[in-house]
Amino acid sequence: MLTPLLLSLRVAGLATLFAIVFGVAIAALLTRRHSAPANVADAVVNLPLVLPPTVLGYYLLVLLGARSPLGAWLESVGIELVFTWQGAVVAASIVALPLVVGSTRAALEAVDPDLRDVARTLGQSNTAIFLTIMLPLAWRGLLAGGMLAFARALGEFGATLMIAGNIPGRTQTLPIAIYDSVQAGDLASANRQALLLTLVAVALLVSMRYLGSALAGRKMRDRG
Amino acid sequence: MTAAEFRASFSLHFPDFDLAPKFELGPEMAVLFGASGAGKSLTLRALAGLEKPDRGTIHLNGHALFDSEEEIDLPPQDRRIGYVPQHYALFPHQSVAKNIAFGLHDLPRASRAARVSELLTRMRLEPFADRRPGELSGGQQQRTALARALARRPDLLLMDEPFAAVEEDLRAHLREELLRIQKEFAIPVLLVTHSRAEAYAMAERLVVIREGQVVQTGSRDDVFRRPRTPGVARLMGMTNILQVTVADGSAPEVLTDWGNLKLTIGTPDSYATGSSLAVGIRPEEIRIAAAESQIQPANQLTARLVKDEPQGADHRLQFEINNQLLEVRVSHPEFMSLNLAGGQERTLTVQPSAIHVIPDPD
Amino acid sequence: MLTPLLLSLRVAGLATLFAIVFGVAIAALLTRRHSAPANVADAVVNLPLVLPPTVLGYYLLVLLGARSPLGAWLESVGIELVFTWQGAVVAASIVALPLVVGSTRAALEAVDPDLRDVARTLGQSNTAIFLTIMLPLAWRGLLAGGMLAFARALGEFGATLMIAGNIPGRTQTLPIAIYDSVQAGDLASANRQALLLTLVAVALLVSMRYLGSALAGRKMRDRG
Amino acid sequence: MTAAEFRASFSLHFPDFDLAPKFELGPEMAVLFGASGAGKSLTLRALAGLEKPDRGTIHLNGHALFDSEEEIDLPPQDRRIGYVPQHYALFPHQSVAKNIAFGLHDLPRASRAARVSELLTRMRLEPFADRRPGELSGGQQQRTALARALARRPDLLLMDEPFAAVEEDLRAHLREELLRIQKEFAIPVLLVTHSRAEAYAMAERLVVIREGQVVQTGSRDDVFRRPRTPGVARLMGMTNILQVTVADGSAPEVLTDWGNLKLTIGTPDSYATGSSLAVGIRPEEIRIAAAESQIQPANQLTARLVKDEPQGADHRLQFEINNQLLEVRVSHPEFMSLNLAGGQERTLTVQPSAIHVIPDPD
């Protein structure tokens, strides 16, 4: 039994973690690749950006429900995702993933390709180059992507409602709790919950803007 | 195996461009010279293993780095080739010392520190060891990039336009330093430039590339004064190219007709009478006689000055003769002492040895 | 009385139109401005990106409801936004706006600033320069932003549910209809509705990727 | 009002840089010359109205374009100044004809078409009228940018490094064309370059800028041969700068002591005996005597050759004398005929008129 706030933080935190782990790996694999499989992978990763959340939630419900082979297998190994907070984590991870991939990939592609080339002539493996050169130079983009992902995961409503439902104390995250409060006419609760989420959103926005302007590092025009 | 330490001959096809260079290098300072777009950077990248040729071979010290027939293609990590790209590509988040140590990851910590400190000393970079590349001058950045590339003791060093990022007045000094370092490390260094002056200042061996093909390789004076084709001649600033007919073709002084005029050419080769030759004369090799008495035994041509283009220290003059323009270069003091004026007829002299027969007129 | 599909298209279409009109104007005003007011305006425009949809919907409900001065005034001039499809348009416009602004602004800032400077020395007004130079060179970014905006508006669920409710035939858009179908156990309808939205999303994604790769205009490496 | 068509004197402060140029121009080809980072482009942008100076005045043909006291600051649209930035900034989505017509929006359609067609003809661009800028060569792009800027009949034309985007072998031709166009339009043209050769080739008037300040303005030969400060001297390639003491200071032949040596200097001015002077000698003005008989009445200095840096057509030689190095430049044929070798002592001659007294030693 968790309050909506703690549940939301747990779901969004875990979803952001998954999104960063998989997102950075996917971004690393897709950076400067333009093969047909890379393009397809890129499109699949970005689909949640354009797919309505309820559609995504519906597909998750069908895919992970007990009637599907995957759902049956998951149940057999003890993982229940439908109408559980773990299901909410899955939904939030998927909607957050393209934000991490996009931001990280853009940051990786902004790193001068000569740096990677020189590092290769200096005998370093591609993995070592990624860890010691690419990531340290792209971390701002990764961080910005992680913040966007956290904001998106924290606010997730449609897909979460479909897959995890609205079970107070078990799957009722803050955005769902607000909906419930309004439906129940409990405007005091709704006000409090909305304020809480707004503060988090504004904090993230301000941090991202600070990161972004430090990233751009406004340069003076060339004097010539 | 030949004596050359490094041999490359490969081809790489692009939709709008074919790169197919072929050349050999010893432990010397070599310059890959050509216009922009000739394929210079691409050649360096292919040698370093950063672009894969379609076919051909690249050998270093008897080992194949690339051989399309044998399906050998060593990754850049295993080629023992140092590579310094055009803007040095220093790792901006690492100190000078860390940059230099980057390629030494497989050494034990102690020897790594020793090697870094040795290179910092040799490159006079100790005071900057803890600085980031952004805090260095162009010359210091260049030395850091060199130190980083040399730290792994490569068998070949490639540098792409190493002076482009450096202020003009520092370049002469940095060139000398680079020449000294090449002697110290005694490995082949291949440097890319599109500047003729820079190519000449640096090259022991000059490799001239044009539209993806190596059109001539040789000592710098060989290429500069004895270009094999009119294209190389023009690249080297041999702007006067004349078509002459052999009148008496026996070496060492071949007599030729240039229109109605006679030209004597100094050459070790003999040519068949009546054959046609393309010859080149550098603009600084044509002298303007000050007075009749000063005329030396040489080709004498009477020509009319049609244009004077002052260039500060020099004048670039155009003389009309034989319905053709001859370009002549004289220094400003000489120009002044000659009292030249447009429209004047003057006697030009050219030593037979300064007239070069272009072997492959194209 | 409209089908969810037609209602969705009407809401998303109008929302995209509003988002483009206001978004392009805002992007034009914010491009290469770094003053404090410009930064605040930029943050406000981008807030919907990080604010949970239900929070946004709740604020709209409070702001536009009959109990607020604005809502009362709107009612007095005959505009009802709460529990109407017009309210859904407002919600969808607001969530879509930052996507148009971001994409258009990036495209405008990618235009060589020398072009604008030269155009000024050639006697053209800033408005004429924007229309004849900046927009023609940035239209791909604008179009991509518009597509993202349409996708986002079409999928809008949380904010729409709060402000417009779920009134079949009046405010029940497709994403809400899917939720309803699943709640009612009508999986045939849910399937059909999900497929419809998925096709639109995939079509938008493919178009955007095509635009993007044409935009990037993959260049060969400098031969040197 | 003075005779100058254009006068500028303003200051613009940046955290790390102060720009404060001051100069006048007539209807001539002027070159703003300086090292990179000296503030050249910024100056052009301020003149065009694209950067706002903190204070000062800019006048064109008697009208104030900018005057901080009078609070006048005409927008770029109203300055009647043509501006061609470094990479021409042609509108990539418009044809050559549309680019040229862009500034003519306030003309009636018929006269606009006539003006465009006139410019297409004058700039030899008719065959390309319907092409996009991306389909043009560097030279054609330059002509299009010029035509676009000139279409509005500006009273001043500003060009930022107009030859940087053009292949080297085309530059000489394009320079001539630009000089011809300036004469045709008879307006002041101010061109920015960081290349000394280019500055010299183009300039009637040379404006030298250094760290944001105009350090000398004058005819190109005036600046080239009579620099006012050692800084300008070095920028102009006057690499030999000597400190001498006046022994007999009466013009036109001032006798001076340079260490233990005597130097005679030709100058219209007289100097007080015992005063100290900085003098400059260009490296091509020092001649190496071939034989004793050839020595002309001039300063004679015996010096040791310590370094030969061949540069292709020339040699840059360093002679040691008076514990100082003198740089001497000779052409390759002259070098060969002199039989020079390192370590040799040779007699150098310098005409008194080739020794320039630097008025403002800093």
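As written, the chains take the letters A, B, C and D, and residue 1 is the first residue of each chain.
Going forward, contacts are C-beta pairs under 8 Å (C-beta built on N, C-alpha and C of every residue); 3 or more make two chains touch, one makes a residue touch a chain.
It should be emphasised that the depicted structure is a prediction, and the values quoted were computed from it without experimental measurement.
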Determine, using the mean of C-alpha atoms as each chain's centre, which chain is farthest from chain C. B
Among all chain pairs, the one with the most C-beta contacts: A-C
Between chain A and chain C, centroid-to-centroid distance (C-alpha), Å: 21
For chain C and chain D, what's the span in angstrom between their mean Cα positions? 54
From the C-alpha centre of chain B to that of chain D, how far is it in Å? 28
If you look at chain D, which of its residues touch at least two other chains? 36, 45, 86
Contacts with 2+ other chains: residues of chain C: none
Can you list the chain B residues touching chain A in their complex? 45, 48-50, 75-79, 81-87, 89, 91-93, 102-103, 105-106, 148-149, 152
Using the touch definition up top, name the residues of chain A that touch chain C in the complex. 34, 39, 42-43, 46-47, 49-55, 58-59, 61, 148, 151-152, 154-158, 161-162, 174-176, 178-179, 182, 190, 193-194, 197-198, 201-202, 204-206, 208-209, 213, 218
In the complex, chain C touches chain D at residues 112, 114-115, 117-125, 128, 132-133, 136-137
Given the complex, residues on chain D that touch chain B span 35-36, 167-169, 172, 194, 196-197, 200-201, 224, 234, 236-237, 282-285, 287, 309-314, 329, 331-333, 351, 354
